[in-house]
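So that we are looking at the same thing, I have put the structure below in structure tokens.
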Amino acid sequence: MIRINHILKELFRNIFRNPGTAFGALLSLTLLFLLFDIFWVAAGTSEQFYDDLLYDLQMEVFIAEDAEEISLSQTKEVLLRIEGIRSVTYVSKDVARQQLIDLVGVDLLVGYDSLNPLPRSWQLTFASEYQTRERLDAIEREINTFDDVSHVQYSRNWLEKAERTKSMILDIGMVLGLLILLTALFNSANNIRLMARARAVGFYQMRLIGAGKLFLALPFMLEGFLMSGISAAAGWGLLYYWKGKIEFTWLEIIFPAVDDIILFCLATAVLGVISGYFGIRRLLKV
Amino acid sequence: MSDEIIVELNNVFLKSDRGAPVFQDLNFKLVAGRSAIITGAAGSGKSMLAELLVGRRFAYQGSVELFGQVVRRSKKRTIRKVRRKIGGIGGIFDLVPSFTVAENIMFPMVLVGERKKVRKERLLNMLTEFSLLKQATERPDRLTRVERTLVQFARASVANQPLIIVDEPLAGLDQKTYERIFEYMIKISCSGRSAIFLSAETLPREIPNSDSYQLINGALV
Amino acid sequence: MIRINHILKELFRNIFRNPGTAFGALLSLTLLFLLFDIFWVAAGTSEQFYDDLLYDLQMEVFIAEDAEEISLSQTKEVLLRIEGIRSVTYVSKDVARQQLIDLVGVDLLVGYDSLNPLPRSWQLTFASEYQTRERLDAIEREINTFDDVSHVQYSRNWLEKAERTKSMILDIGMVLGLLILLTALFNSANNIRLMARARAVGFYQMRLIGAGKLFLALPFMLEGFLMSGISAAAGWGLLYYWKGKIEFTWLEIIFPAVDDIILFCLATAVLGVISGYFGIRRLLKV
Amino acid sequence: MSDEIIVELNNVFLKSDRGAPVFQDLNFKLVAGRSAIITGAAGSGKSMLAELLVGRRFAYQGSVELFGQVVRRSKKRTIRKVRRKIGGIGGIFDLVPSFTVAENIMFPMVLVGERKKVRKERLLNMLTEFSLLKQATERPDRLTRVERTLVQFARASVANQPLIIVDEPLAGLDQKTYERIFEYMIKISCSGRSAIFLSAETLPREIPNSDSYQLINGALV
């Protein structure tokens, strides 16, 4: 009991004797974690963004003008049996016309009834595992061999860019994330060392009287715990605050699950404990 | 009980940081209740003896035993326990600068987890005995040299530590202050606890219950 | 001369005695500056992005079906005289048809020649000072009173969002920028204090022998200079490296001018000097 | 020239950090070439006198003059200049822990921007005179107490500082070492430079060219 009292007293002493250092540490950790959070959110957002886009990824299979209706239903059956195709929607000339009206806003084909120039088509969607260039290319090649099909179209280039961007953001996020966590560790260890070094003589003396390492290190480890935990939470707090203020219409910002955020804060707090230990360790070697 | 051996050094060899031999086949034995006065020239290794006893330095040959336990570099727990039984004054035994006088004196009791009531009582005893009541809330950097020594005396006595190491507390004192500190040394020697007095000059008077040694050429004679 | 030697020697001593601290400081400063740079680039990019979009911002003035050609050229003159209108382009029924073909990819109006249902219009563009909602609304109101005009259309909501987003990014950037610079200052001051505190006894002694404050502070100020300068440069280096690797097609990333970047690095280096001074100041009060 | 006044304290009043009066109407004068031996009990203010002279502390009343210049809190430049003319040994005058012995000794010359050749030569002289040649590249924490004192002597002499303050360098020494240090003190006194020797005990022998004072009740008699 008395030792816990002592440890807490030391903790408060550390913080209140060095308010500038403590505040500086808090601020810099918060910003570092903010950077981390931003990249986490960016990764999540871009992932969701591309997933949404991919979900709607369609392949349009245009039907030859001279294909017979009877043959078409057979071909549709064949299409549905191709692995990876989630749905096949038939778009008749009338539906295509309606789609055009929706797109342009006016019916451009007024009085055109007998002579609709739009081709019939099937719109295919795919299971998510198949939404890669390789697999879609294979499917495209297969479909192109069908008799009834005039040509096939899907946004191949676009998909390629999406894939590349996604993996790049993930890569940068990983590198940066590691760097940031490393820095946060360094940073808070340094700050704790800064607070502790001023007291190195005292440690020497306390050790001489028989104080254990852990006993002396605990206030600093606790401090690391608090600092890291608080600043991790503050980083997320800032992001949430800003999220409420900004409105992106062209992008839905995806935050990690609250559970993950809490886990993250706890993990950084534990990191803080470790950094506290590393910050103090060398000073206790007496 | 009185024959209990508190310190036993056997054939100790020790080198300084610069590699010079300091102790060469040093032997020493201290029985509970008795004290030792060890005199030696500057650089003869008095302070190193203190460091050896508290496990701050280790012999490269020979054995160091305190309170029946062997002190070795690898035995961290033993060292911690032994240190808690030793009160140190002067030399390497300084005060904790960030603690007040009262906190400094209480610290040995904090370490063993003494109850609050006992702590308060003993602290008061010590502050009274060493006339430090007025200075209780000061920090060491605002004390005079003599006051600091007195606080060290109080800290070395507060938990009834069975062994006290006193490293030249009389250096550079005027006659009056010298006498005052000397009285405290005699008091310790009469209290039934053991003490090791380290000094460059021979002490002016006898200390009861004590044996005198000289540290010459790395051995005690 | 000899004093400069001494100062440089002290500088190297500081760094090589505390490689961990020095490295940690460098890393954390680099990341902080990276965060700063990212927001600078984001602000520049979004500004450019919206400016580009705004440059193309058009108002479409649809002409009533029954308006006479003669009257139109008069109206066009009037339009051109309205303040803020940069250009007026007449879109005839034929041009509108061509635009539709470009948009859709096929001529939907084949065999429709006598009966083009598309309205004539003027496309207006504006001087950049007039590309705000207020001013465009005023112009729209004015034009709506004209006889020949059936209705006027411009992406009002879109403009509003663009304005809001732009100012928001600028706000966040400013706040974050200030915070980051503050933190960098704190951080490097703390690191320098950390290196210096271990030597406080030495300062006391050197001062007693007659060493001046500046003389003792200089190695640390120099260190702050180097640390901040190097990490600011490293931050930009990282960004340039990544810029080379990522390709955003939907957005052109705008970096600040090289001059500005150099100025920024120099400014942070000076900031480092200041932080070095603040880091050491308290320890020299002996 | 020999009548040049090096130190002049007039009606100095000084309080300790805790507010207790230390100096009360202290007067003191030191002429170039002569030395002063000041003895006083523990806590009488000997070390504070040293702090006063180097501008670490300031009288709240009275005037402090060194080398004809008034030392006041506001006169940073004067203080710096005065300090460069003072060599300090013992007491508050410790070594710079991060410097080697050689760097410590040379530092006063670095401050005044002495030429490299002169620096090397004087350093060698000092190392030889105080038998520190073997220790030149060691850092202070690897020196014995006596060696540290010798380095301080060397540092206080290297730039021919006209005033040397020696704060109890003899405390806690055995007879032989005591004599050795004492010889150095006499040597300084004979060199034509001025010295102030601060000590708790009266010195065993005369020091040439010197006057003795006692610090009692905050005044010199």
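The chains carry the letters A, B, C and D, assigned in the order they are written, with residues numbered from 1 in each.
In this section, a contact is a pair of C-beta atoms (placed from the backbone, for glycine too) under 8 Å apart; a residue touches a chain by one contact, two chains touch by 3 or more.
Just so we're clear, the structure is a prediction, and the values are computed from it rather than from any experiment.
Chemist: Starting at chain B, find the fewest moves between touching chains needed to arrive at chain C.
Modeler: 2
Chemist: For chain B versus chain D, what separation do you get between their C-alpha means, in angstrom?
Modeler: Taking the mean C-alpha position of each chain, the two centres sit 32 Å apart.
Chemist: Using the average of all C-alpha atoms in each chain as its centre, how far is it in Å between chain C and chain D?
Modeler: It comes to 62 Å between the two C-alpha centres.
Chemist: Using Cα averages as centroids, what's the distance between chain A and chain C in whole Å?
Modeler: The separation of the two C-alpha centroids amounts to 24 Å.
Chemist: So what's the Cα centroid distance for chain A and chain D, whole Å?
Modeler: About 68 Å separates the centre of chain A from that of chain D.
Chemist: What topology does the chain touch graph have (line, ring, star, complete, other)?
Modeler: It is a ring, because the chains touch in a row that closes back on itself.
Chemist: So, with touch as defined above, which chain pairs make the list?
Modeler: Here the touching pairs of chains are A-B, A-C, B-D, C-D.
Chemist: For chain C, which residues count as touching chain D in their complex?
Modeler: My answer: residues 1-3, 6, 13, 17, 199, 201-202, 204-212, 215, 286.
Chemist: Using the touch rule from the top, collect the residues of chain D that touch chain C in their complex.
Modeler: Where chain D meets chain C, its residues are 54, 56, 80-84, 88, 92-99, 107-108, 110-111, 113-116, 119, 155.
Chemist: Can you list the chain C residues touching chain A in their complex?
Modeler: For chain C paired with chain A, touching residues are 20-21, 23-25, 27-28, 31-32, 34-35, 38, 100, 103-104, 106-112, 115, 117-118, 161, 164-165, 168, 172, 176, 179-180, 182-184, 186-187, 189-191, 193-194, 197-198, 242, 245-249.
Chemist: Which residues of chain D touch chain B once you look at their complex with the stated criterion?
Modeler: 17-18, 40-44, 138, 142, 144-146, 168, 170-177, 199-201
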